[in-house]
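The following pair of complexes shares a single chain, chain A, combined with chain B in the former and chain C in the latter.
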Partner chain A sequence: MINKPHVDWFALSPSLGLIGVSFVLLLVAVLVPKNARKPVAAFLAFAGFVGSCALSVLLYDRSAQAVTAVHDAIFRDRWSALAQVLLAGSGAVAVLISYREKMREEHIAEYYALLTAAGAGMAFFVQASNLMTLFLGLEWFSIALYVLTAIDIDLIGSLEAGLKYLIVGAVGSATLLFGSALVYGTTGQLSFDKIAAAGHGHDVMLVAGLAMVIAGLAFKASAAPFHMWTPDAYQGAPTPVTAFMSSATKIAALVVTYRVLTTAFPHDQRLWSGAIAGIAIASLAWGNIGALVQRNVKRLLAYSSVSHAGFMLIGIAAANALGARALMYYLIPYAAMSLGAFAVVAARERELGVPVTLHNLAGFGWERPVLGISMWVFVLGMLGFPLTGGFFGKFYVFAAAYRHGWWWLIVAGVIATMISAYYYLGIVRAMYFRESAELQLAPAGGAPNRELLLSAGVLICLVVTVGSFFAVQPLIDVARHAANALPL
Partner chain B sequence: MHWLTTILIFLPVAGALVVGALPLPRYWVGSLASLISLVEVGVWITTATKFDFGSASLQFSQRRSWVSDLNISYHVGQYAFSVWLVGVTTVVMAACVIYGWWVGRERARAYFSLMLLLTGAVVGVFTAQDLLLFYAFFEAMLIPLYILIGVWGGAERLRATLTFVIYTVVGSLLMLASIVAYGLQQGTFDLTKIGPSNSTWLFLGFVAAFAIKSPLFPLHGWLPATYRESPPEVSAVLSGIVSKAGLYGLLRIAIPKFPEVVADWRVVLLVLASISLVYGSLLAWRAPDFRGVVMYSSLAQSGLIVLGLLANNDLGLDGAVLQMVNHALMSSALFLLAGMVERRTSTGEFALLGGMARGRPALATVMMTAGIISLAVPLSTSFAGEFLILAGAFQQHWAWAVIGAGAILLAAMYMLRAISAVLHQDVGPAVPDSALDLRGGELAVVVPLVLCLIGLSAYPNLISGHAFGGNRAITQVITPGGGYLTPTIDHAAQRANLTTCTKSGNQGSCQTVLVSAPSGTTTWTRYAP
Partner chain C sequence: MRGPDIQWYVILSAILFSVGALGVMLRRSPLIILLSVEIMLNAANLLLIAFSRLHGREDGQIFAISVMAVAASEVVVGLGMIVAMGRRHVDLDVDKLRTLRG
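What follows is the complex of A and B.
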């Protein structure tokens, strides 16, 4: 007789719901007639993400006490539930952006199946409470993303991007696995809190394991120097996939990083705090300097996402309650800005039929006023200007660093922001200061489609970006309740 | 009643949204925006008439908690000097919006909604009583300015916006770092509650932002390209209004919140101000074009105003506030006139201009009046302002007053040279005979500004006597204690000379007291001897 653990189905519901939708979508791929497949699949995926989002909200509401569930395999707490809300929300917006993407129709249901599977994997990943589920979740969503990156074989570079992502991502996963093995070897424990309880201090093997775990997670968060895949994968992947990756992967990876470090390695806090601060500074430097010279907008935004990983890692390096709050808050406007910016890029791409560069963005702001103003708001938010949540995001991570006593992290962040002004405002310049007529850009297929779904997605992102500036307090309260689940 | 400040900030913002959203033809967009900006002036007049200038306290204030865990609030309100700065903002912005309407700017909906947004942001800067809110408005000014220059500017506008933005963003981010550290140190971001700090680094962060905005030598590198490439009404706003945000920051934050550091750095800042004054005047004297003269004279004027702000006495502070208002009116009038000349001749180069007075009496009269007032001819309001500033600086040390007086001489040289190069001498090659005199619309824009100057010339005490309320100078604004620190601190002996000044009627009296800090403490009792 095997002892079955008690399964807390409710705690698992956000990821189970999504994976269920993913299975249904695979059936849709073969059972639904071809002409109805796309709307049905997209609707199911959207409904799946929205449903998962609703379940996560419920889970957040009913998990005031942080507990482990399913035989200590997963956490049921507000930290993961809030992350799941953000993940599912990002997924829903990604579906809206995807709908009109020019893709081979025969595999459209599989596309949505993979998207929901990736979402399910991330939702599971953020709940992981031991090294086994951590690795399982990581591989689950990574494999789905590898395929998604390469799914559009008609798009030049998509396959190449997928391959690069696969190889580098596999190295990252292997690093994480190796690190986990070392940690397990030292402590004899798999679950995070027992690793902490085993408390082996500065054992060389444990420290090496910790370093490799950090590196493995930093690969996924695309923090420098583990970001090498990011520009290529972001540029090559279909734009809606890039949008989803840039927001959701970052949410999952950073939330888990904070959780693993504080829960499993509280004794080595001085060590990982310094290491994360180093990675943060490297990401800020590399991301911003790399972005300065980019002409392709997707690639530029990829480097910008590296620099944002740096900003959010400042919150982790601070290793205090304010830092956890800062990270969670920062993720909300960041996810919206990132999704929104890539959505606008997708709109321009479909209009022109070529990759979007700073050159061919010319005049876009005047031709499509709503999308133009939205893009304007998104890049200003990434720059950290007031009237967008990006401002308070940066403000909070700086405040966290200050509380920790590391004013030099603030200085690094401020310098990085100064550099970033050049390329973020460069996008505004490209959209508004030049006429498209001078460049004689010809739209690919006549007048552009009125993409209601994409516009709806952009508007949602706009509302979140601006709303998070005015409604700081409620969001911070939510983030604080989430952060209470961490042992800080 | 206490809603008035909030209305002043958000009326133009709401107007901007309406103007931007309504699909009206260009002419109607312009008239709607002009109407909104005039209503804004009306709201300000209401504020000023209801304001109690006898009281030194914060009025029309409103406070709502915004982020409670860091003690950030939406806190706005006005001191007497804020009222004057807000007033001049609304007046100048109205003139510039109407000018934009008259000129018929392309892409009217975007243009006018950005101008109105800018109005709201500047008023916000002058009335915010929370550091975070102040920063938000300070940064919000940049967004419309960036687009206004980049889209409607001259041929070299891309380079101009780049320089402008890099300077400004660097400055304001240094300020942000200071704000984070200062606010968390003190546990609040509320300007009326936050205590003084003695950190040099924080002080320098603030000063960098304000010195770039003002601008102050050597941080004026963004000036030439930006002022030359902007549309004239945007240059007018930049030099008239936006630069005052930097000076206001010095007056409201940098000087009162860091009394000890200011004392240490006073000479450095006074030297920089003097260099701005003299160097700016010399550059203006040698400038080859009309806009060059006005923009470098702005550099000189902000040097002069900083001289007054740092004089550390009632005379200097009263004069500085008066001169801020004067300069806002003068330089915006002159920039608008420069734009009007450029519309007729398509150049501002002195070599190509000349002889425009003949047959154009309105242009000659208006330009002459504005020019004469701005060179601080006796009996003019700018003479009153500069005199107060110099008298204040004299009390600090006679050398500052000598430098200032010398620079006023230079002002006469550059301004008369500019006027004569445009209006008199031989008719320049770029001046067509068909060039018209000022039209009704142009007069409607620029004459009210000049009339304000003439009115103030008759009664400058309206501002200089009512800038700080009650019978006390800025000390009341800084602290309820009613005193401020003189520069002489003897750190070794832990003693300081504290000067308390009071004013009753027009008579002021100061009393200097030697105080010692209790042994073992490092913080000085700064305000109450």
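What follows is the complex of A and C.
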């Protein structure tokens, strides 16, 4: 007689719902006639993400008490539920951006199937409560993302990006796995709580394992010096995929990093806190300096995402309740800003049919006022300007570092923000302040049709970016409830 | 018969992991690089199984088996990409993959 664990289906529902939609989409790929396939697939994927978002909200509401479910394999608490809300929301917006992307029509349903599968993997990953579910969740969404990056198989750049992402990502996973094995060896336990309870504070093998786990997660969060795949993968992937990767992967990786460090390694807090601070500073420096010389807008935004990883890691390095709150809050406007910025890039790319550079962005602000102003708001938000959530995001992260007593992290953050003004404002300059002779108007035959769905996606991002500034108190409260699930 | 002590397993898997990591960094063919990644994953597997025997628990072995499944699917994706590149007559040398750089 085998003892079956009690399965809390409701706790698994955001992830199971999405993977269910993914299976249905694979059937759509063969059963639905070719001309109806694209709208049906896109609608199903969108509905799946919205449904998963709704389930996560319910889960958030009903998980005030943090518990582990399914035989200690997953957490059911508000920290993961809030992350799932953000992940599913990002996925829904990514579907809106994807709809008009030029892709091989015959594989369109598979594209959405992979997108929902990646979303499901991330939703599972943020709930992971032992080393095995951690690794499986990580690989689940990573493998889906490798294929998505390389899905535009006619484009050499896309294949190249996919292969590079796969190789570097696999090295990251192997590092995480080896670290997990070392931790397992020292403590004899797989689940985070029991690893902490086993309490082998400064065992050499445990510390080596911890370092490798941090490195493996930093690969996924694209934090320097583990970011080398980021610019290539972001530039080569189809733009909607880049948008999804930049927001959702970062949410998943950072939320899980904080969770693993606080629940499994509370005794080594001084160690990991210092290590994360180092990675944060490296990301800030590398991301901002790298972005200064970029002409390709997708590549520029990729480096900017590395620097944002640095800002959010400051919140983790602070290792206090304020830092957890700051991280959760920061992720909300960050996800919206990066999705929105890549959506605008996608719109321009479809107009011109060539990769978007700072040069051919000229005049875009005048040509497409709504998208232009949205892009303006997004880059100002990334810069941390008031009237956008980016301002409070940086503010809270710095406040957390201050409470930890690490003023030098704040200094590094402020310097990084000042450097970033150059390239963020460079985008605005490219869109608005160019001589009329330099303007790159849409090719002859008039501009392509305005894209309602993409514009809707951009508007959602705009509302979240600006709204998170004005609704900062309720959002911080939500983030505080989420952070209460962590043992800080 | 108990076999060698645990530290030998740790040393062997550390060596395997380093061999894999060096292979990823030094070799140029994407096929060999994928192989090296497999070596890294299997080094971790060996460690998991050794520790699972040391602690007398089964969960490490279950972990190792699921890692094998995951590793296989990762290789499938990697090989698929390499085949697609081969069909497009891209040079299979990672040093020459420099459409994306900067």
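The definition used in the following text is that the second predicted complex is superposed on the first by the 477 of 488 C-alpha atoms of A that agree within 3 Å, B and C clash if a C-alpha of one lies under 4 Å from a C-alpha of the other, contacts with A are read in each partner's own complex, and residues count from 1 in each chain.
Please note the rule applied: a residue touches a chain if its C-beta (ideal position, glycine included) is under 8 Å from a C-beta of that chain, and two chains touch if they have at least 3 such contacts.
All values derive from a computational prediction rather than experimental measurement.
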item	value
Which partner reaches more residues of chain A (counting touched residues only), chain B or chain C	C
Touching partner for A:190 - first (chain B), second (chain C), both, neither	second
Touched partner set for A:136, first chain B, second chain C, both or neither	second
Partner chain(s) touched by A:150 [first = chain B, second = chain C, both, neither]	second
Which superposed partner A:402 touches (first chain B, second chain C, both, neither)	first
Touching partner for A:380 - first (chain B), second (chain C), both, neither	first
Chain B versus chain C as contact partner of A:10, first or second or both or neither	neither
Which of chain B and chain C A:43 touches, first, second, both or neither	neither
Complex interface listing, chain B residues touching chain A	65-70, 107, 132, 135-137, 139-140, 142-143, 146-147, 150-151, 157-158, 161-162, 165-166, 169-170, 173-174, 176-177, 180-181, 184
Residue numbers on chain C that touch chain A, as the complex places them	6, 10, 13, 17, 20-21, 24, 30, 33-34, 37, 40-41, 43-45, 47-48, 50-52, 54-55, 57, 59-60, 62-63, 66-67, 70, 73-74, 77-78, 81-82, 84-85, 88, 90, 94, 97, 99-102
Contact footprint of chain B on chain A as seen in their complex	366, 380, 385-387, 391-392, 395, 398-399, 402-403, 407, 410-411, 414, 417-418, 421-422, 425, 428-429, 432-433, 472-473, 476, 480
Contact set on chain A toward chain C in their complex	131-132, 135-136, 139, 143, 146-147, 150, 153, 156-157, 159-164, 166-167, 170-171, 173-175, 177-178, 180-182, 184-185, 188, 190, 205, 231-232, 235-236, 293-294, 296, 299
